[in-house]
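Each of the next two complexes has chain A plus one more chain, namely chain B in the first and chain C in the second.
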Partner chain A sequence: MIRRAPLKKRKISSFMGRVPPNPLLTVISILVALFMSIPIIYVGFRGIFAGSERWLRLLDGRIPQLLLNTLGLTAVVVFFSTVIGVSLAIAVTRCNVPGRKIFSWLLVLPLIIPPYVGAVTYIMIFGPMGPLGSWFQIYSFSGVAFVLTIFTYPYVFLVVRSALKRMNRNLEEAGRSLGLDNLGVFLKVNLPLLRPSIGAGAILVALYVLSDFGAISMLRYNTFTSAIYYQMGGYDNVSATILSLVLIILTVGVLWLEARVGRKTAYFQADSSYRTLEILDIGKWRYPLVGVILLVIGVTIIIPLGVILYWSWIGIARGALDGRFWGYLMNSLQVSLLAGGLSMVFAFPIVYLKSRYPSKFTTILQRLSYSGYALPGVIVALGIIFLFNRYIPVLYGSSFVIVIAYLIRFLPQSMQSSSASLEMIPPKIDEAARNLGEPFWKVIFKVILPLMLPGLFAGGALVFVSSMKELPATLLLRPPNFDTLAVRVWVEASEAVYHMAAPAALIIIIVSIVPIKFLLDKY
Partner chain B sequence: METAIELKGITKTYKGERQAAVCNVSLKVKKGSIITLLGPSGCGKTTTLRLIAGFERPESGEISIGGKLMAGEKTWVSAEKRKIGMVFQDYALFPHLNVEENIGFGYRGKDKKERVQEVLEMVNLLGFEHKGVHHLSGGQQQRVALARALAKRPEVILLDEPFSNLDTNLKQTMRNEVRRILKKANATGILVSHDQKDALAISDEIVVMKGGIIQQKGSPRKIYQFPNNAFVAGFVGESNMMEGTVEPGKRWIRTDIGRIPCNQYHIISEGEKILISLRPNGFQLAEDGEIEGNVETYSYVGEYLEARISVTTQKKEKTSLLVYLHPNETIQQGDLLKFRVSANFVSVVKN
Partner chain C sequence: MNVLNHKKKLILIGLLIAIIALAGCNEATGDEDAGELVVYSARNENFVDALLQKFHEDTGIEVQALHGGDTVVNRVKEESNNVQGDIFISNDVGALEHLRIEGLLEPIEREDFPGIDEQYRGEDNSWVALSARTRVLMYNKDLITEEEMPKNIWDLTDPQYEGAFAITRGGNGGMIGHVSALRNEWGDQRTMEWIEGVKDNAGGILQGHGDIRRAVGAGEFKFGLVNNYYFHQQLQEPSNNNVDVIYPDQGDDEMGAVVNAAGFGRIKEGPNAKSVNVFVDWILEAENQQMFSNASLEVPINPDIEVIEGARAISEYKVQGMSLRELGDVWEDTRRLIEESGLDLEIR
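Coming up: the complex of A and B.
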């Protein structure tokens, strides 16, 4: 007969997994997870208990308007970036467009331009002082929608392109052997199979639009993020919390959609009999298509880069690279490097536990550390202000709070990267090392860490780049006179001092080239 | 008998390849029969199948299905317009559709529902209509793939390596099942396989291919017992190859290890020097056997006892024979054994 453990013990062990995790690693993981999640949870908590009077007042007036603005913008941007992303992905993977290999690479490039920098470039052109100022009102709904669309469509493009590449050719042939022509195969086989990827890409765009502050505020549009920012600027933190809670609910809603879509992505079986997909001959339609692709590349890459280079050149000629500029650069590097380095240290314990001791408990730890992921920087900043103002005032007012905000926002990037490289090391390696008589910590330091070092560093680098670009939390949390490059771009551009904004923007763009390689590898 | 498929001098060379994947292949398939294209990878069997399906276009030759020209010098009927059902190696079931939707996919008749039920019954999957295809086992997925291919009552069903993704036990069941289902549907089946056991078990006729060329065509028994060249003899089962001279009367072949009986007297002439293939199953232990040798090595593989017998030739050289004995026999290394050879397993082989 099988002896069973007492009920209570069994419950705990099923919660913690079969093998009890290493205690020290567990404690560190719990601390990191709490550290990552408490500010966010606190904002939610404060929002719920903000008082019914405030809630009613906001629900009556601002919230409906903001919902309309935010959801309207999200819908329009998601729609257009999906249409552009999906059609371009199909064009460069499945049609015989000349130069499609180069195009499929160039069309991803807009991701190196953070949307607020992109917004600056189009303000430089269509703004009141720009050469084409009278052609198009950039400070408008269509202006914001345009800028966000052209800098977010690559998310859809990347995801759909990779799905198209992995598509099982046999499925298309099965469709044809069952009597469908080219169009039929596309509509009834390809499109349904692509739906999860299109959905995933659209969700990435939606999450981005919900969280964007820089481009939206620069183009003087009003959504939840900018409203929260201005409420905090006016020291009305209670209203800011309420708005934050609504925005958190919106974001969680989108994430819930993502989880539902994600469950269906198991469509792409590893196909042993893999053959390259057929490239469709679209005849003379190739040439107009090339025209469209060149137009997109021009609008998303060549024009923004050209404008930035032009103004940087003017700026440098006028002495923009003075001592203060190098000071901003040092500030940026200081907080971003610290965030990148710490993210590697913080990511490892949780990632290791989750991989080697999978259980409900480690899943919860991982989920908690993802709290700040996809949430707007303004909300993270709000949580940090609440907590540090009240409980650790020493740190509040030092640049260290910025590092904490970066960690909360970007640690998941580091976790994803290191977890991907840890999953490549089979647990049998750990067991072999243990079996050869090495204690737990020695196995970690002598075997696991050296093996996953590339992934760990890649994660740190991603966090570093994201931190260099980060705007809203930095704006809200920076101590007096602590400006980063991103902050300078925002401030100078708001005051229309373009030649001072451009060199800082250029550096941010150059730094942003780094993660493109990771994105291309991932998709 | 009516011809379901006819290939006439089909040649196909892939872009960037110098050698033709399929070279001047001609083949007639009788309606309602099951044939297997058998050969090692790269032998052109899959290309032949894809040519019939219409996924590839031949550069010369003609393909007719049900008497109608599908591909020729001036004719080209695209894949979706050929009345062909295909079962893919990985089944290629649409993951976004359930069993019923997969089977009914592309079916245009008004009796869709009834037809789906009909083929489901044929493949013994009634009750699985609303299951998602990834919840099915390998054998069930294959049944669905087969049902989907059958639904439109195609002239021909093509099966690409149908059993390669199944484990041994299931493989045996599915061989019988696929044969039963195809026969019940009265469909003409063309399989592609690299596994001789699949081919022998399921086919009415086997076409052995190598290097894009048909090596031999015939019933499984004919292919196994009387391979007509060294490649077929070696690829389909194992074989002992030896040279010999035809004795007067053409009933015996004189070889280095002794006289071997032969039934194929109509293709040989007295005194001719020929190459023969001797299947390991053709040896029986017999006191009065003419061939004798010592057991070199042996291994018991369950269905039979596989032994290497060292035989001394008339020139006093040692040669070794592969022999399958009844698993009941007990032998020891070094034992001297005498054999009789059955003419049913001796084949004259072209060089």
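Coming up: the complex of A and C.
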């Protein structure tokens, strides 16, 4: 007996790590983590127990077809966006292309256009009523793949470009001294070093394609995500949970790949010997390369923006900016600001525990809070509809459920940002303050939070912008009389009333410029 | 150790106040039974908005409308122990009957329903149909002549029309009602043959009928299977309006055109019972019944109400015999049949 007690205690403490001094902080963290993860776990749970008859029916016909559609699209988009992203990153960092400084941020700009807005712009051009309707069938596999590729390649571009910038010249010279030519250096030195970042970028794209609803449904394609939406429209939530479970498994599979890529290929470079890479002179080839870059910028930024501005102009001239429009804007702002603000409050406890009291326990809390991040909005919505109607009916039926959906989907953005700024504050500062006899909460509010403020705000701003853009969960959860700008873009565009869709899309694009600066700083 | 300067503090406080104020606005709209009516509508919002606006002007009751398309039915089901909506406006009697059978609608307490025959109401008066819609083939006169057009629904499986026409997804309420009628006429096996044939033969399977009318008007397809009022809507377009219509299966030994109806149901235990009664009285007034039909150029169920110019009353053509009330019973089976064929998700 006497021996056992300490043994047990040690077990707990290896799980809990250093026990945090304030139980309230721990309780809040646990609550937040559960809140973030339960709706999705619940969907999975209901999927598992949906009954074998339903499973067999879906496995027989639907699931194979959807797998083919979903994986096919994902593979094609990942392939092309990787090729485009990597080539452009090499072009602007390694080749003496004129204007490469400007290009290197212009090529990131497509990220300000949410793919469903991008899809609308290309429907305006190549759709049956568009000026070039007969040139290209936009409602096709190639149409969907094209639109998703041009609006997701910047993920690969950003990650690879930043890796190239940090690459050490010494390594290349070592390769050259061993007799490799340019191509040899690229294949044997650069490419292996780039592999983790190419992988990371490709995984971001894959996760995006798996979760996209707006662009895919507007372009009349079907993946798991849109099928879940339609299955809910077809009054069949149980089948929707089964499809959701399959999609969750797919997503987790991709995340597992990411973890593997990350672990296997961590290359460390000694900082002291770091030298920037030399810029290769590619002679006459510079000019065609500039042409290609301009083409990409034209297709991904200038044309979509031009189309949106054109239709916004028409819409404004026809009085699109009426009282209702401002109402939609207010709705968008209301839920997005709330989500942004609350995300700062909710992110802090978990981030603080994870940073100051690292243990298996705090890692689990953090992982749980991430569960909604990679998953499509339709699944988050499905979970909230189930759970809140049954167990928390008071919160359901107001715009507050939309805020909760946003938090589940986007809280990790806020966590990443605040965690980055917390890591820069040495734990010694907390300890010093506490050793002076200040109570725990006073240290948090007087010392830690003020120092973290820029990171917290950046995180809140990211959540705000993502919320302004969010479509599927809003569509499924909005209470009566509560349309947001994103919902209006979708509704008006599916009715082909482009002059009403465009002004709302324009505001979403303008708001989305905010995080671009953040992304450029980060990478 | 305070790194916050005053400016930053002010901004922070301002933001917090804004957030709290916004949250406050939000709660204020959650009042119950304060002269409010919550309408869930599966109909195109352009057909319902003006009507609801007029209701508000006539009665002073504040309308909270959710235009959610076909997802609305699912919402009513999921919210059954936390009811949010009062009135469900549907494009399809099948959906209304289905909710009634599931016990999610409640009777409208009222003796007379002026001009609405018994067969166009739920047997417990929990729903009332107001406007009729008939399944027709709308064609683009630039691309195909009346002679070349198919004259019955079965001919849509004919290889000569491969790629020439568009239909909606099988998840669409109008399509589900249509398939129910075909099952009633042909039985499951032949209906399944028809679905498979049409699915392969169609040039486009689109999200909704509005997409079809625009696509046929623009010449993307030679013709499309739509409800008749989409034809009248396309005629009103400033361009792309060179279209005409075939009412199918009109021959002596043929089944007649398939009819469905739009209307409203009373959601069980909706939060604003008083407003519901006001709404029912109001919508059954002749001018409002007329407005309900006219907004979408449908034909009123009530024979006393004038049909909008250009539209054909139900009495002017042969109609398939299945009673609309039967649509609810066969609802699940029809959906399963469509699901087995994959047509509910197919889109191209």
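The rule is short, and it goes like this: the second predicted complex is superposed on the first by the 511 of 523 C-alpha atoms of A that agree within 3 Å, B and C clash if a C-alpha of one lies under 4 Å from a C-alpha of the other, contacts with A are read in each partner's own complex, and residues count from 1 in each chain.
One rule holds for everything that comes next: a residue touches a chain if its C-beta (ideal position, glycine included) is under 8 Å from a C-beta of that chain, and two chains touch if they have at least 3 such contacts.
What you see is a predicted model, and the numbers here were worked out from it, not measured in a lab.
Participant: Mind checking the superposed model to see whether chain B and chain C fit together on chain A or clash?
Facilitator: Here the two partners, once superposed via chain A, fit next to each other without clashing.
Participant: Let me test your reading of the model: by the given contact rule, A:Arg220 touches which partner, first (chain B), second (chain C), both or neither?
Facilitator: After superposing on A, A:Arg220 lies in contact with chain C but is clear of chain B.
Participant: Output check: A:Leu171 vs chain B and chain C. Expected answer is one of first, second, both, neither. What do you get?
Facilitator: The answer is first: A:Leu171 touches chain B but not chain C.
Participant: State whether chain B or chain C is in contact with more residues of chain A in the superposed arrangement.
Facilitator: Of chain B and chain C, C contacts more residues of chain A.
Participant: Give one of first, second, both or neither to describe whether A:Leu193 is in contact with chain B, with chain C, with both, or with none.
Facilitator: A:Leu193 contacts chain B only, not chain C.
Participant: Once chain A of both complexes is superposed, is A:Ser52 in touch with chain B (first), chain C (second), both, or neither?
Facilitator: neither
Participant: After superposition on the shared chain, which partner residues are touched by A:Asp181: those of chain B (first), chain C (second), both, or neither?
Facilitator: Once the two structures are laid over each other on A, A:Asp181 reaches chain B alone.
Participant: When the two structures are overlaid on chain A, which partner does A:Pro393 contact: first (chain B), second (chain C), both, or neither?
Facilitator: A:Pro393 contacts chain C only, not chain B.
Participant: Here's one for you: vertex at chain A, rays to chain B and chain C, all C-alpha centres; what's the angle to the nearest 10 degrees?
Facilitator: 170
Participant: With the superposition applied, I'd like the minimum CA-CA separation between chain B and chain C in Å.
Facilitator: 38
Participant: Within the complex, which stretch of chain A touches chain B?
Facilitator: My answer: residues 168, 170-171, 173-181, 184, 188-189, 192-193, 195, 264, 266-267, 269, 271-273.
Participant: For the complex, give me every residue of chain B touching chain A.
Facilitator: 53-55, 78-82, 84-86, 88-90, 92, 94-97, 105-108, 134, 148-149, 152
Participant: Okay, in this complex, where on chain C does chain A touch?
Facilitator: 1-4, 8, 15-16, 18-19, 22-23, 25-27, 29-30, 38-40, 44-46, 63-67, 69-71, 73-75, 77-79, 81-82, 84-85, 98, 169, 171, 204, 206-208, 210-211, 214-215, 218, 220, 240, 335, 339-340, 342, 344-348
Participant: Under the touch definition given earlier, write down the residues of chain A that touch chain C in their complex.
Facilitator: Touch list, chain A to chain C: 57, 61-62, 65-66, 128-129, 133, 139-140, 217, 220-222, 227, 229-237, 333-334, 337-338, 341, 385-386, 388-390, 393, 396-400, 433, 446-447, 450-451, 453, 475-476, 478-481, 491, 494-496.
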